[in-house]
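Each of the next two complexes has chain A plus one more chain, namely chain B in the first and chain C in the second.
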Partner chain A sequence: MILKSFALYIIIGITGIITFIIGYSINDYYSTDRTPVQPIEFSHQIHAGTNEIPCKYCHIYTERSRHAGVPSVQRCMGCHSIIKTESPLIEKLTSYWETKEPIPWVKVHNLPDYVYFPHKRHIRAGLDCKLCHGDIASMDRVTRVSSLQMGWCLNCHTQRGVKNGRDCWTCHQ
Partner chain B sequence: MKRRNFLKIIGAGGVGSGLGYLFGKANKPPTSELIPYLIPPEDIVPGVASWYSSLCTQCNAGCGIIVKTMEGRAKKIEGNPLHPVSKGKVCSRGQASLQALYNPDRIKSPLKRTGDRGKGSYEEISWDEAISILSRNLIALGEKDENDRLHFLTSLTRGSLNRLINDFMTSYGSPNHLQYELIQNKNLLFANNASMGIQTIPHYDIANTKYLLSFGADFASTWLSPVNYSSAYGQMRQGEDGIRGRLIQVEPRLSLTGANADEWVPAKPGTESILALAIAHLIVKEGHYKGADGAAWKALLSEYSPKRAASITDIAEERIHHLAKDFVKTRPSLAIGGESLARYENGVSGLVAVNILNHLAGNIGKKGGVIPNTAEPLTGKSTLESKNSIASLAQAASDSKIKTLLVYNTNPVFTTPNAMKMKESLQKIPFIASFSSFMDETTAMADLILPVHTSLEDWGDDFAEPAVGYPVATIMQPAVSPTLNTMGIGDIILSLAKGVGGKVKDKLPWNGFSDYLKDAWKDSYSKNKAMSASALTFDGFWNELLARGGWWPSERANGKAVAVSPNAVESHISKTPSHFEGNESEYPLYLTTYPHSHYLDGRGANLPWLQEMPDPMTSVVWGSWIEVNPKTAAKMGIKEGDTVTVESPYGKIKAHAYLAPGIRPDTVSMPIGQGHASYGRYAKDRGSNPIEILPFKKDANTLELALNSTRVRLSRTASSDKMVKIEGSTRELGRNIVQTISPDKFNKMNKETA
Partner chain C sequence: MAGLLARIAERWNIHREPGFFKKLDHKWTMVIDLDKCNGCGACVTSCYAENNLPVVGKEECGVSRAFSWLRIERYVEGEYPDVKVKFIPVMCQHCSKAPCETGCPVYATYHNQDGLNVQVYNRCVGTFTCATYCTYDVRRFNWRTYKFEQPLDQQLNPDVSVREMGIMEKCTFCIQRIRAAKDKAKDEGKTVEDGDIQTACVQTCPTGAMTFGDLQDADSKVAKLAKSPRRYKLLEELNTDPSVIYLKRVMKEGPSKHG
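Right after this comes the complex of A and B.
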């Protein structure tokens, strides 16, 4: 009898642990920071994919600054004061513009403060955006495809033989 | 399986997955947002710094700076590499001016007093209301025909702002614009004018001199133009191969400059001018002076024999001979007289004595000597002020002759001795308006407070005083947009002019100070040939001006030689040492005070970077101290860090004792700058203010306050707070950190290797 109830508790315990892992994975998969839900369901697939707008048309600082630059609301309105103004999503955009509020986009690629990552250098070195950001043109909602971990950075730096690419101070300055 | 067990397993599963989900959620970094610009500013690229050239206003040297801004915020300050005064360098005070901009204790909007004066109860009002209260007050004064009862007290303002204030005051009908700061150069200007007839501070060419005889000029921390002189000092020491200029520092308390000197000459406080005149005596007596008026000099200096001087100054006779010989033989040489010499009761006479030395050794107008500057290029005005002083303002106030006082950027309540009764005098003024960024002690007495921009948010210009042998004009332009509901001082005066109306409005019709400034420069551009030759159009000139940070001629003009005549200086040189209040038996120690290298006259005490940074001589942070010679301390049973009461005939304060071998045993010394009663959370109730216990003594010529003019006594007292400093011990304790070798041994070694 004692043995039987002991086995039962073991089973209950194992079930708990397995479901804990399942619960964690569900959170990780569905409510992930890799593919965050954005305030406006902006589709890169439509813009960069179907309409083939070049990345740098909106992300204007890639070659000039460490930040690629999230487009200003004015830039969105530059087209959307004419194009597809009836769509509910564009109406949402227009309401931001009219209330003079910037759109609080959620970061997909978030590096900690102690990492110095300049877009400028990477773009000027001739790297394709896809190399780190994946095939954005096919993403409806943007997903982070790279881990952005240090190993991932170093791997690429080593493979390409980047000058001082393995030096601590190159990225932690 | 039993139903109950099945339910248990299901339950465990449910709880497990729920916890797992929550754990996953809690483990994630919080989502960050990426806020775009609504409309991107044209001149900002996020992540790329824009640098603006501007002017540092932390002291009066007039250094050019460049301000690094990112996304419209000021991040870092450096010296402007093109600027002839700062030469790409900037001192700690300049670096810390960022913290004036971002200071949490800045006054955020105009304030009107509601409770009793000085009690600190204010209500926020709008700018329109503030300007109208003040203009109504001025109009009311005008109606009663009491225009000259308006006084405007400012810091040492130069350039266009000074002109604007003067225009405002004269068109309003009041001659009472007084410039006051604790650290000012009135004594030096007076002495130079009296002895050399020049009305600006000359350029002391430290860079090219080979023998610098400094009478208490602490140019490494605060004297006149510290950034310029520090770099010049490096030039003097290492600029030329094989020749290392020598620095001799005469002062009772070893300053940072003294610590860098080859020789420290610890003359008795108040006797430095006698020492200087004894050196002059020797130069003439031994026939080194070749001028035609040699006999007159000989007669004038006859009573300053080295023997007598030695007994007065406590410097050995041989040493005086030695100093005189080196000073006159080493070419070029230069004598300078600093703040501590200027701040005796006979401050002017000490500075005159230094000028005599320079004249007799033939240093005036020579490279590596004293190079006279010309007048300000824009206004052509000299900087010599009228015979008004803060003491006469206090007197007028206590006689109820002032109806309205406007105060800008100066803090006389903090920087005058209690014996002068500044605060009591201010109480008698019916209306005080203060233009200030911070609630300092004087602003706390105001009825109306109009918060001004900090220098990083405002327009302005400045003409470096002293210039560097040629005029240097610096432009101040806003590096950032105003962060609070404040206004520029120039803009306030112009809106006030509109509010007052009449003649004042006619005289000052500009809408903003930036327009006024631009017009002032347009005017000088059309008049000054060198300026109009440098650019084809004014717009081109103006853009160049903003980009470079100012205007200065491309080459150096040679300063003209001016002579010092015995007749001119006769009435100014002193026969006796400077007087110290208090009798020797009751108050055995001389007290000298000096501006702290970070807080200056106290204005830097609200910037935490400056509080946190150790004092270069003592390493003390966040407090004040009194420097006592270890021998004196041992006699009195005072140990390092003990709290002592410092008592003069005029009051007492407390300070921590710092045992400094670099001070005469009969002297104690305290830095100025701490001991604020208000002025924000970092400055308030920290340390003590030595000015409080000073007597109310003025220099007879300039009416400037004498800071080194009293004796004190010390007594140990109980206290719970500690002196905070980073240095453990000043001694090597046998660790052999600094290795030394005697000259004999060195010469022997040299011979052996040769």
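Right after this comes the complex of A and C.
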């Protein structure tokens, strides 16, 4: 009887460990979607890659605000009221413009609310967008390259010798 | 083993060195002139608005779960016709030798380079140790996740996180405003000057009883006020070395005329 329950405990334990390992690895790579499907199949490859539009032309707030800012529909329409208006994707964009609705973009680089991350400070320090976002210009659909975990942030802060870069309240709120 | 002990002793000596706290970047200090304080409670209200504090309601208040980071203590001396009333606004004193910091098992409350006693919300596990150790009873605990109903969620401050159940919190000296001022100063290539930073309570105080500034800067308003002969700190004899300095209310001896 004792042996039987002992074997049972071992089986439960092993199953638990295996479930944990599988769940942990799945959670990191699949549950947190690194390449979400966007409402409009916007291609950074065409805009930033082939046409070489600088990042800050659309993401205008990078240098002066905490948030980089997703461009407004108006900014899209600035070009696309003239360029390629017959394309079905642009027609979708125009429908958003006509109904006066924002496009429900899915956030790729999503930080928790308790993280204070100012884009302004990082861009003004002379960091390249590629350092965190990867080579966006070659991505058709944007993929999150970096882990955005605390250790990843701190690595960079330590290497560059950021003043008070390891203080909790520099990045947490 | 001996090496480890030697290293611990060395670190200990660094922190016990008399000049240690003078090596800070800043020493944020608040001076409260009790002569000017009339106990109106505007500071309390502004604190609620600035720091996303939930209003818990009557029942919760009844079991002492009120959420005010800043409270006004009333002291009444004497019987009815000859009454003397004193008000003392009490918030986290940001003690230089804080008792709360010694208790935290996960290092969620610590002293930073600005001389602030800060609380890291996402690190806190809610052991309640700091609140037990606190001399001034200023720490507040989230007994539940308080909801901000429509349309109140629209007035939340985006610079301050909304805390959840099981997290200890307290006055931060409006660290988000300190950070914003530093950010602005950095853009302009300057350092933070006296008067750049106003905490919510300082900004709101109608009589100007509160002053906020850097004690290390000898020309600051705070440093001058701190030399006043009326200065005192709360429970100074416990040697917690608070960063909040009070200026004593001076009242005439004998019965008061205005009641």
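Following the convention adopted for this analysis, the second predicted complex is superposed on the first by the 141 of 173 C-alpha atoms of A that agree within 3 Å, B and C clash if a C-alpha of one lies under 4 Å from a C-alpha of the other, contacts with A are read in each partner's own complex, and residues count from 1 in each chain.
In the analysis below, a residue touches a chain if its C-beta (ideal position, glycine included) is under 8 Å from a C-beta of that chain, and two chains touch if they have at least 3 such contacts.
Remember, predicted model here, so these are calculated numbers, not experimental data.
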item: Partner chain in contact with A:Trp105 - chain B first, chain C second, else both or neither; value: first
item: Chain B versus chain C as contact partner of A:Tyr116, first or second or both or neither; value: second
item: First, second, both or neither for A:Cys168, with chain B first and chain C second; value: second
item: Touched partner set for A:Arg124, first chain B, second chain C, both or neither; value: second
item: Partner chain in contact with A:Ile18 - chain B first, chain C second, else both or neither; value: first
item: Partner chain in contact with A:Ser65 - chain B first, chain C second, else both or neither; value: first
item: First (chain B), second (chain C), both or neither touched by A:Leu148; value: neither
item: First (chain B), second (chain C), both or neither touched by A:Gln74; value: first
item: Greater chain A contact set [chain C / chain B]; value: B
item: Residues of chain A contacting chain B in one complex and chain C in the other; value: 118
item: Chain C-touching residues of chain A, taken from the complex the two chains share; value: 112-114, 116, 118, 120-121, 124, 164, 167-169, 172-173
item: List of chain B residues in touch with chain A within their complex; value: 5, 8-9, 12-25, 28-29, 31-40, 45-48
item: Chain C residues within the chain A interface of the complex; value: 25, 110, 112-113, 116, 118, 120-123, 159-162, 175-176, 179, 183, 186-187
item: In the complex, chain A residues that touch chain B; value: 8, 11-13, 15-28, 31, 33, 36, 61, 64-67, 69-75, 97, 100-107, 110, 118
